[in-house]
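Next up: the structures, one after another.
Two complexes are shown next, each including subunit A; its partner changes from subunit B in the first to subunit C in the second.
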Partner chain A sequence: MAVIELTQLSKWYGEVIGLNNVTAEIEHGITGLLGPNGAGKSTLMGLATGQLRPSKGGIRVFGESPWDNPSVISRIGYCPEGDPFWQKLTGFQFVVFLARMSGLQGASARRAAIDAIERTGMSANAGRAIRGYSKGMRQRIKIAQALVHSPELLILDEPFTGADPIARHELTNLFRELAAQGVHILVSSHVLHEVEAMTREMLMIDHGRIVAQGDVQAVRKSLLDRPHVIRVRVDQSRKLASQLVGWELVSGVSIPQPDTVLFETKSPEAAYERLNSTILSDGMNVQEIAAADESLEAVFGYLTHRESK
Partner chain B sequence: MMTIRAMTALFFFTISQMLRDAKFWVMGIVLLLPSVLALVIEHFAPPRHSLEPAWDLYHGLLQYMFLMGLVPLTCMLYGTGLIGAETESRTIGYLITRRLRRSTVILTRFVATALVLTLLCDVAATAIHISIMSGVNWQALAAHLGQFAAWSPMHDLTVYWCVIALGVLGFLAIFSLIGLLTAKPLALSVIYMVVFELIIGNVPAGARVYTLMHQLRVTAVGAIPGLKVLFALPPELTARLFSANGSGITQVLIISAVALTLACVLITVRELTPSKVARD
Partner chain C sequence: MTTISGDRVNQYQRWQGALGKSHWTWPAIVRNGITLALKHNKTRIVLLTGGIPAVTAVGVLYVLSLLESLVGTDEAKGMYDLLSAMLRINIHGVTRLVEFRDVLWRSTFLMMTGMQMFWVLIIVARVGTPLIANDLKHRALPIYFSKPVTPATYLLGKWAVAASFVALITLVPSFAAFAVSLLLTDGPGTWGQAARLANDLILTGMFVCVTSGTAIIALSSITSDQRYVTVGWVAICLLPMFAQKIINESLPSNATMGWIGCISLRDDIFVVAEHLLHVRKGLAATSLPAERFAQALTRPIDPAKAATVLGVLTVSAIFFSWRRVVRFSRMAAAA
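For the complex of A and B:
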């Protein structure tokens, strides 16, 4: 049985279509949910966690409808997108409360919280109020609350947003480790490379429709000829740009803003790898590494166009 | 068992959330204003030869300023945000993707909020009692008690504690329902309060029996001897509106149960999305 089954699933908000007649099965292990902003990823996750109701068609998680169904949703760990927090709580209080909301009792809730916080590398900051957290810390503590009740299925909405390269690496390893322990993971991203580092199974959506599904290598092959634009926000932008110019795999470099470098490559995977080691060895202070949206939109535009053909 | 643990966690979390919020302390200060007013009046009042001014001030403040004004206002501010505040901050997602059904989430938050507000309002009512009673010299007035000889302020305070609890239950239920009905619940709540409770609840028409305001008044009048005099109505109207030993407890409980049931149905069928949301 598939972990999540979508049957002619549609969701619309007034005249805006969130998902359009989607039929798919999400199997065991890690599945990447990939799509540009506004593609319908969060809508699909909202439906899978019982927060949204299908306008048409159906969704089943572990064989049952998740809407107002605690027997299903208590088996899910959900990490939402954005910044939904009770800001005055400390990270520890936040995770303990949600452990208790999952039915864990006093001491075992605290133990589970300590364990989840440790796994996400937040032990040193767990006693601080969430309002003082950086974006990366917020992501980690949201992941900790999703793990705290040892769910069978993790639904992670853009978990890498705001995370630095080291955090991305650590979180990727954590998700792989959890998957090896038998946890099913549905993780959304608008960056192909991020998801690719974790899994080969992918569901790509755009404008509420599935544009590609299955093995990432097969999808990637069709994208080989398309250049990817990567954006790096860094304190030493000129130094980084001058290094990038010398790389064979980089076909163009620009500095649109004093703290931002954009570069174009047809081998994003290798570029990300080399970029990370360059940044670490040169001690640069990086605020963000991301696929520039325009490029990603172009990728999905390309896929959508190919689909329609 | 796990559901009960989750309910307990949510119950105490709701209480701690209220106590951490500046709104609670601001409301506490606002609720103490009638007692400050009573202190000021008592301080500047000329020497009294009767209990009547104290009786008027006591019941006037508790009936008109407190039960008809501050208690509904407090319930409005908390009831409309019972689920709405969590929805707007998108933290509702954490509460409804755990162990509890949606209806259990709202009921647990309702009980916790009602308990805290009842205690807060009862403390404020007690402050009014203390403010007025501290200015009454019972010994000096012993020979002039007249029709107030049987007045027992402590009995009346006990009645008000119960009526306030009943009022919090009813108003909080109504405003919790309104909070789920619309994205702008405060506007609808003010309209409800003015049109239904303050106008219909105070005109001698049949529809007033459906208002909480009327039922709370009936309950207070039924339990506090001589209170009907406060409303200065013609005798035939007084007899029609306030039957002997009447009580509005059952009606308030029915209104609360209906409002809460509707709120549970609404939260079970409705999506909880913030009023301004980016759809991805």
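For the complex of A and C:
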């Protein structure tokens, strides 16, 4: 059974469409939820956490509708994007409060808060007032509150915002660790390479519709109208480029840097094969051959008609 | 799996016990609200000084008790003056004070309630105004409603924060004053009278808690800027009071007040408190001429009318704040 099932799901706000007739299944493990601002990511998260009621169609989390369903909501941990903080509370008080809101009581709430704070690496700062926290610390304490009642599904809205590279790395490791321990994670982020470091599974939405779902490489391969871009770092870049120009399966060649050749092809497998034999026969010294546009960012750019940087 | 403790198991430490029911999340909101409010020194000062009316009431009742035993002596003169000034009831010349004890106790607690209204205004302005406004400002509603919390439990929790502080200003000191006065004096008369008075004090305190709590919750849900809520609260409390004063002054003293006498919410609460404490009826039943206690009472306003005005406002406030919270929670979830 899928963790989250969307069936012809639509959500309108008056005349504005948040989600438009979306059907998808979000499976176990980590799934990246990607899309530009206003795409419908927050609407989807609001629907999945039971804060919004679908206008049409249905959403099921663990096989049940989350709307007005505390038993489902109790199984979800949600980390919102904003800073919903009570500045004078300490990090520990904040997490204990939300543990109590999740249904934990007395000593259990305190113990769960200590565990969650420890997992997010905030133990040393838990006794300080939140107003003195850096942005990265705020992110971590928000994640701690989402984890505090040991949910089976974590929904994280931009968890990397404001976090420094070390914190991002640690959070990525934490999410991977949680996923390995059986927690399902739906994470939205603008930091695409961080999402990519966690998972290849993604759900891309734009203008309220799903534009792609599944493994990012498989999605890239299905974009037939887009030639694949292959990057070759080689010592004889000009010689290689002149040979590539003559190939029928190559539609474009460029030398962005003295030791790098980029070429476009609609038949990547054939191109890789021929490239290997050419390099070997001409005795070129190659440092790297890689797909330049199979990254999440590139695929995201293609699908949302925004070129990757 | 390695067991860490009785109810949590490694590695993810998934919670094994049952989580509390969703409709019991409001005490967590109350606790958090009280913790946050008590972090402000000014709030603690207001709470501490909020005991002044109760201390005054204990003092008055103690003097009343002394006066009963000193009637006819030279010291009694000053006590008559003091009590008449404090209670605004001319009791000069009343020798059998035991017969007036119950009604004078009730008048004392009414005086105390009147004094407490000032502290209620201040504490609600300090504690009540940010209750929902700050959640709107910090976009905290999604974090509440991603937990098993409904708008009703959220509002109940927020209302209970305001009501708790109002109770700390009204109910708790009233009851403490009542208990201390019972210990220091012979009480309001019989045990039955004491029990009835205690009951009336609880009703009066609860009435103030309910009306002021719901009013501030409604105001706090209007905007995310706490300053506007404070200004609105002070305006709602003071402007109708001044308007009522002007109307009262412009009408002859014996004129009957209809709905026009119910403009001021503070006066309405006082009228209802006067009714709940049975002061008007009690004083009218004594042998004292009406002009001797006229100043202690409000102008004759039908308490049912005052209660109706407050009731309609309370129900409207609940409905209004519920609508606002539902609306804002959905807007915040979609933002």
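Definition applied: the second predicted complex is superposed on the first by the 218 of 309 C-alpha atoms of A that agree within 3 Å, B and C clash if a C-alpha of one lies under 4 Å from a C-alpha of the other, contacts with A are read in each partner's own complex, and residues count from 1 in each chain.
Keep this in mind: contacts are C-beta pairs under 8 Å (C-beta built on N, C-alpha and C of every residue); 3 or more make two chains touch, one makes a residue touch a chain.
Because the structure is a prediction, the values reported are computed rather than measured.
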| item | value |
| --- | --- |
| Combined model on subunit A where subunit B meets subunit C, clash or fit | clash |
| Which superposed partner A:R100 touches (first subunit B, second subunit C, both, neither) | both |
| Which of subunit B and subunit C A:P84 touches, first, second, both or neither | both |
| Partner chain(s) touched by A:V261 [first = subunit B, second = subunit C, both, neither] | neither |
| Touching partner for A:L52 - first (subunit B), second (subunit C), both, neither | both |
| Contacts of A:L171 with subunit B and subunit C, given as first, second, both or neither | neither |
| Contacts of A:M202 with subunit B and subunit C, given as first, second, both or neither | neither |
| Which of subunit B and subunit C A:V250 touches, first, second, both or neither | neither |
| Touching partner for A:Q181 - first (subunit B), second (subunit C), both, neither | second |
| First (subunit B), second (subunit C), both or neither touched by A:Y13 | both |
| Candidates 6-14, 186-194, 204-212 or 240-248 of subunit C: the single one with C-alpha clashes against subunit B | 204-212 |
| Overlapping contact positions on subunit A, where the subunit C interface meets the subunit B interface | 13, 18, 42-43, 49-52, 68, 70, 73-74, 76, 78, 80, 82, 84-86, 88, 97-98, 100-105, 145, 149 |
| In the complex, subunit A residues that touch subunit C | 11, 13, 18, 42-43, 45-46, 49-52, 68, 70, 73-74, 76, 78, 80, 82-86, 88-89, 93, 97-98, 100-105, 108, 111-112, 115, 145, 149-150, 152, 155, 178, 181-183 |
| Contacting residues of subunit B [partner subunit A, same complex] | 1-3, 5-6, 8-10, 13, 17, 20, 89-91, 93-102, 268, 271-273, 278-280 |
| Footprint of subunit B on subunit A - complex, ascending | 13, 16, 18, 37-43, 49-53, 68, 70, 73-74, 76, 78, 80-82, 84-86, 88, 97-98, 100-105, 145, 149 |
| Residues of subunit C touching subunit A in the complex | 5, 7-8, 11-15, 17, 19-22, 24-25, 27-29, 31-32, 35-36, 39, 134-135, 138-150, 329-330, 333-335 |
